[in-house]
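These are the structures in question, set out in turn.
Across the two complexes that follow, chain A remains constant while its partner is chain B and subsequently chain C.
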Partner chain A sequence: MKTPLTRRGFLAAAAGTGAGLALTGCGDFEPRPARLANAKAELPAYVPYRGVPTDMPATADGVSAGHRHFPREVVAAFPDGPPAEGPGIKIMNLIFNPVPPPVDGNAMWQALNEYVGCDLGFEITPVGDYPQKFAVTLAGGDLPDAMLMLPPDQNSAATPDMLDALFEDLTPHLSGDNVRDYPFLANIPTDSWLPCVRNGGIYALPMPRPVSSGPTFTRLDLLRKKGLDPDPKTWREFFRLCKDATDPGAHQYALGDPTTTWNLLMQMMGAPNWWREENGRFTHYYETEECRQALDAGLQLTRAGVVHPDAFSVVGKFKDWFGNGQIVMHPDGPAAWNDFYTVYEPVAEGLDIGYQMPPDWDAATPAGQWQGRANFATLIVKKAPEARIKQILRAMNALAAPFGTDGYLLRKYGVRGPDHTLEGTDPILTPQGTAEVTLPTTFATDSPFTLYYPQKPEIVPGQYAFQKEAVKKLIPNPAEALYSATDAEMSKLFGLRFESLRKGVMQGRNSRGEWDDAVREWRREAGDKMRAEYELAWETRY
Partner chain B sequence: MTTLQQTAAPPAEKSGGAGKRLPLRRLRPGNRRDLALFWFAVPGLAALLLFHYIPLLGNVIAFQDYQPYIGIMHSPWTGFDNFDVVFDGNEQFLRALSNTLQLTLIQVVFVFPVPIALALALNSLVSERLKKWVQNVLYLPHFLSWVVIVALFQQMLGQTGMLNLFLQSHDLGTWNIIGNPDTFKALLTFQVIWKDAGWGTILFLAALSRVDNNLYEASAMDGASRLRQTWHVTLPALRSLVILLLILRLGDALSVGFEQILLQQTAVGLQDSEVLDTYVFNNGLVGGQWGVAAAVGLVKGVVGVVLVLGANKIAHLFGEEGVYRS
Partner chain C sequence: MTTLSPTRPRRSGGRTHRAYSAIPGESPGSPPWRALKSLLLLVCVLLVVVPFVAIVSTSVAGSAQVTEAGGFVLWPDHPTLDSYTALLSGGLVSRAMMVSVGITVVGTALSLVSSIMLAYGLSRPGSFGHKPILMLLLMSMLFVPGVIPTYLTVKQLGMINSYWSLILPTMINAFNVIVLRSFFMSIPKELLDAARIDGASEWSILSRVVLPLSKASVGVIGLFYAVTYWNAFFNALLFMNDAAKWPMQLVLRTYVVNNASLSGGQIDAAAGAPVPPAQSLQAAILVLSIVPIVLVYPFVQRHMNKGVMIGAVKG
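The block that comes next holds the complex of A and B.
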């Protein structure tokens, strides 16, 4: 390490950077105006699949169909043979579970390839790393045939210009009656197609999820043991229930996750689901009086000691706490319902899970249920010749085969024998099957959500009842299907700050004044611009 | 290590003479032995060039409104706009800077001397077996990832962790350590010491093993106590190494434990836990403000270089060799 080398090394690096500056292009990029980005497109026709009769049918207002048992006669989705024969298709998407075994040692994956007619190459990234993976894949330029695109507010790289430059406009294949060529895609409700529209075209395929979202799950077994009413009607009753259910000596608390708890408080007041739209004017929930009230209520809950003491310092433990009885109430998504039984029933004796609708704030302020996103995310397809696009769409159509078909059975329960055994007509996963079916086909596209749990069919009517109750008081997010460049660019950044601050206020560490200051700053730096963009987008789209 | 330093540095007159030659000639290996060594070094140099120097070019996005999908070639230029955040009193940035500087100071004062003290203590152990055993125990935490360590601390010191359950069961109340902004910096410091102090002793122990035993014997003959021996023999032997490491530490003075802090940010909130590294991550990778994040990273790098060169200069003024000779 001699002097000249060190100094000159640095200078050389600096010179290199200078040369890099000189060599790079001229910066010819101009973002697309909001009006064009949010232009309308003709949506695919909705042609519901009516193959399997049930006494719990799907409804037009968004209730998912429920089935106690799998039908005896499994329908062959493609009686004429594999629908998408041709070269393999690479799909980049994400996973919440551990990664499944690779295709060579995965009976379900092999059978799926055979069923679709080509090799499906899944490039799987853990969910937390996906936005980074997405951005660097775009930057690297070596794109897979199809990739999962998170909604813009979770993924700033997903811009309308990027879609236009690199990905296929699927409108000619899917708009109106054209979608009938892909009958299982046509079975996906219209709500789920709305966020697939950008730049006046259909640029993506949906990954449908139930709009009813999830309830506050309750440990009925534990609440009943204490003789408590698990169904409070107002915030006061809820607060009392929380206090009565808490017993620090027994390490038992009412609530755990501070984020979903706060969401619940907001819903009790019927607060906006992110944005509220009235006569074309947009209001964000940060700005509302409900939000300030919910912060106070959150602080009351923490002060009363009903929130798990580690709630604010751990991440990802809440389901475990609920499963092992450290908390007795837990607002979560709809998929959690079955998972709780699968994961915790073997260890939690007498596990009985109920649901709770958000209680009204008071007699004058009725509660609402925040409508869930109609998609988890969407799937975009790399530009390619028409025949290839059609092959990919046929493959995705196969991945959307609905409940009652062999395709559905294969996707969710694998191959009979290695992956599942039959109990009556219902497939029960084997340990091998449990590992293999985590192959994330559900993060490519999917059939509409179906309420079905073969291990415990008796819980399905409860799930159906919850959805019927929930859809009556849904509060939609008017911005869900729209694009605002500022929101895409800034929402995660501010989201992080507000989350930190919200937790601070709920613990009494930060004051409500600090929250108000942050909201003023947000309005100045981003919020007012977002509002203007969404109002323009709303006017353009609807 | 100190000896290595001495042999690595070429005689002064030789280096002065080299300055007159053509630069390329100077890089050419002088004899057969050097040539062999040169070829040994080539893969390392290539890796250094490929993975350290070429990526430096990517810093150009600090001067752009960088959009990943259109790439560096087409992203619009913004001049020095991205650097505004550093100079215009942006509250978030200043908070991150303040937390970083506080942590740097705390770590230099409290963390840096620990391995030295530990090495001295280990060196004074007479039983070789006990010494080896203690060393191994001390090295182990270094090989645990921060995820594991943070979880371990959570299990021990969390509100429902071992300590608090013990306190609770003896009606002594609870002590909020993990989610408490007031104790956060102390907690971070303690974690760093727990994880890396043992590992940090390696260099010092190597240096201590090279101290001439005759010096100890001579000082003992002169009636020096153990304390005086430490002060007059051991510490002077460590001085060059301490200064070298301190200078290198200054080079990344503004890096104060990215992963460790990121993992614990939710517990105490951004206000008390955001440092420059997490600021770059949260703004760049998470928030999509690639240009701003790169600008802050670049400034951080430049400050690091200035600190190293400055500290080295000061070391020269005091007659030390520092990282390289003047």
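The block that comes next holds the complex of A and C.
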């Protein structure tokens, strides 16, 4: 019988197909030069919203406003009716939580559509999968009206060329005083607008986050039980505190997360926040002496046994360890403060959380606080006729309604009755509300971060005090608002490698020499090119 | 057929009896050796059972116990169904379960019909387009089209946000077709010729002769398809923009990969009723997601060995 397909024939066909496919991958794309990609644009005017008085006001240097209670008189954000009536708006963004119930069974989402004046279609993707979904959607060409764009170092598809080709330059609508047509967008601080600028235009809307970043949270209740001072002033005092707080017999350790611990050590030395800029010259923290010193200090902490023994082998357990008292210090983001009380107070008796600023390394080396990203990400808007762009901007303006307005109340606490009940003037979420308000409006755009926790208003002054202290010591990342094609392409790859190596050195598995070799290789293959691009960008922008 | 063969008699408790080994000529071994084997088997069983028990226990454990344990618990002190209530109250999980069941049932049926017909065609020498179709099939095993070309195809076919996008791109699996084809080719030609002489058409031969002889292989290929459809989440991630249409596995992913009750420090989180701990929610949704497969598996399990062996010895 004749064989239907010979082995030789099959291999030949396979080779031919493979060669064809390989050739289709060839191209001559050259990224836009750094000067053009980072050209300046006139930023939106900053017009702070003064509608809700408080004794803890927002400040120009980045302190968020604090409120103990929601105002008795809720301000109507749009007294003349829904601001963005028209066709529905599709927004592709991400979520950290489980997805909320669909719109037909979600009272908050339905009310939000009525409040805005059109159907908001959220196309939600789990946070870890978002870069892939973003790239595929771009390649498919069937774009939603607006898309969340992660910063380039987390999303190599976020190129200035792509923005220019597919997305709207919002400069005519938002630059300077034009932004006053959208008063709640004008209430977003200038820092948050800086990364929205590409190609000499405003190409995105911000998702503001507090620049003060987060503190090292401390379990005051546990530290006080041992009679320890939770506020060390130097590295030596910190090390002593770590040793005194550690009790392996009781399965209690000072620290957990090796990454944030290393970040804390770097801040103790006032090390650069990723990049340092001096007279237009850029230095990455990998290259600094502080980095090598922090690695040594990390190793010292591990050898002293003050780091949780599972710290290097688990992911995502650190908050739980902090909540159940297995660790007593934990650097984290600002929003974690409220989270800790919501999740762990019902089960951790006497939970009392304090904050710690990075102690100075020594008398001659003052500490700094790494400035947090002014945005989580940005929202880009698909090219469309002017009337449609204005409608989308009006809708996003509604989603940025600040604390004290009915729009804020709806976004964060849903509808009174099904989603929240009132305790005094403060909304408290019901179980239904807890599920519904995960609708990721905060990952479209948002009002500036507000310190508010109705279940425990007495913690707000502490949060405000931390921010006031933190902004005095902020160390900014000079590259945050700039674009480097090499950084976008290579940072993830090297980031993973350095993360693993850093943990290895802190554990004693890898030597400092290996770290130095890796840094040399990074400079050769990516670092020097990144530096050149950032220096050019800095020169162009500032 | 397995036979029981007598081995050397042993004395136990004052009585003499014959010990039997399932394999002719093999001794069951000395008591210490048998004890060691039992211990080894027990360890293997525990390795499978303990994680399963931990998942079920954690799903019904109270917040305090989960927080105290800092993760999974082996036995709940005060069992509660809070996690299941929280999961099923919003309607999303129950809807996702329906979507997954629907996709699995419809997808498996379509996959089986198309794979059987394709495999039967390819098992008959000289059938129409035999060589190029076989070549195409084999090529699909060597060259996976990749995410973006697949996305573009689905988009061009107008299937974005449609349930068909979760079925059609994966409807025919080349490996499964080759396994079926191999089995169909092993059916004696004389049987088919006899049917043909009796006036049977190709359809009749397939449905009345070939398929009744191929129950085991069709059963196991059906199970492969069903498990693939049930576990798939990536296509839904790419093609389903509306979360209300997500299958169970993608919803499961948001609970397991994302932290279910903490915001990752990114959200201006609202205060509210404390939600069940993340681990309990994760465990509960894992339990919910495996229930249908656990229910179906016993009915096809008896076909597994035979079906898999067919694939193993025929290339």
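Note that in this section the second predicted complex is superposed on the first by the 512 of 542 C-alpha atoms of A that agree within 3 Å, B and C clash if a C-alpha of one lies under 4 Å from a C-alpha of the other, contacts with A are read in each partner's own complex, and residues count from 1 in each chain.
In this text, a contact is a pair of C-beta atoms (placed from the backbone, for glycine too) under 8 Å apart; a residue touches a chain by one contact, two chains touch by 3 or more.
It should be emphasised that the depicted structure is a prediction, and the values quoted were computed from it without experimental measurement.
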In the superposed arrangement, does A:S156 touch chain B (first), chain C (second), both or neither? first
Using the superposition described at the top, determine whether chain B or chain C touches more residues of chain A. C
Quick check for you: in the superposed arrangement, does A:P79 touch first (chain B), second (chain C), both or neither? neither
Taking the superposition as given, does A:P101 touch the first partner, chain B, the second, chain C, both, or neither? second
Touching partner for A:G227 - first (chain B), second (chain C), both, neither: neither
With the two complexes superposed on chain A, say which partner A:V343 touches: chain B (first), chain C (second), both, or neither. second
Under the stated touch criterion, which partner chain does A:A139 make contact with: chain B (first), chain C (second), both, or neither? both
On the A-aligned overlay, A:P131 touches which partner chain: chain B = first, chain C = second, or both, or neither? first
Is A:P385 in contact with chain B, with chain C, with both, or with neither (first, second, both, neither)? neither
Which residues would you name on chain A as touching chain B in one complex and chain C in the other? 1-2, 4, 10, 13, 17, 21, 132, 135-136, 139, 141, 326
Chain A-facing residues of chain C, complex: 63-64, 67-71, 86, 89-92, 95, 125, 130-131, 134-135, 138-139, 142-143, 147-148, 151-152, 155, 160, 237-238, 241-244, 246, 250-251, 253-255, 257-275, 277-279, 281
Can you list the chain A residues touching chain C in their complex? 1-2, 4-5, 10, 13-14, 17-18, 21, 90, 92, 95-105, 121-129, 132-133, 135-136, 139-142, 144, 209, 214, 316-317, 319-321, 323-324, 326, 332-336, 338-339, 341-348, 376, 412-413, 420, 427-437, 442, 446, 449-450, 453-456
Under the definition above, what is the set of chain A residues touching chain B in their complex? 1-4, 6-7, 10, 13, 16-17, 20-21, 24-25, 27-30, 131-132, 135-136, 138-139, 141, 156-157, 159, 161-162, 165-166, 248, 251, 308-310, 312-315, 326, 488-490, 492-493, 496-497, 500-501, 503-504, 507, 509-510
With touch defined as at the start, can you tell me which chain B residues reach chain A in the complex? 8-10, 15, 19, 53, 56-57, 59-60, 63-64, 67-77, 92, 154, 158-160, 164, 168, 174, 178-179, 181, 264-271, 282-283, 285-289, 305, 309, 323-326
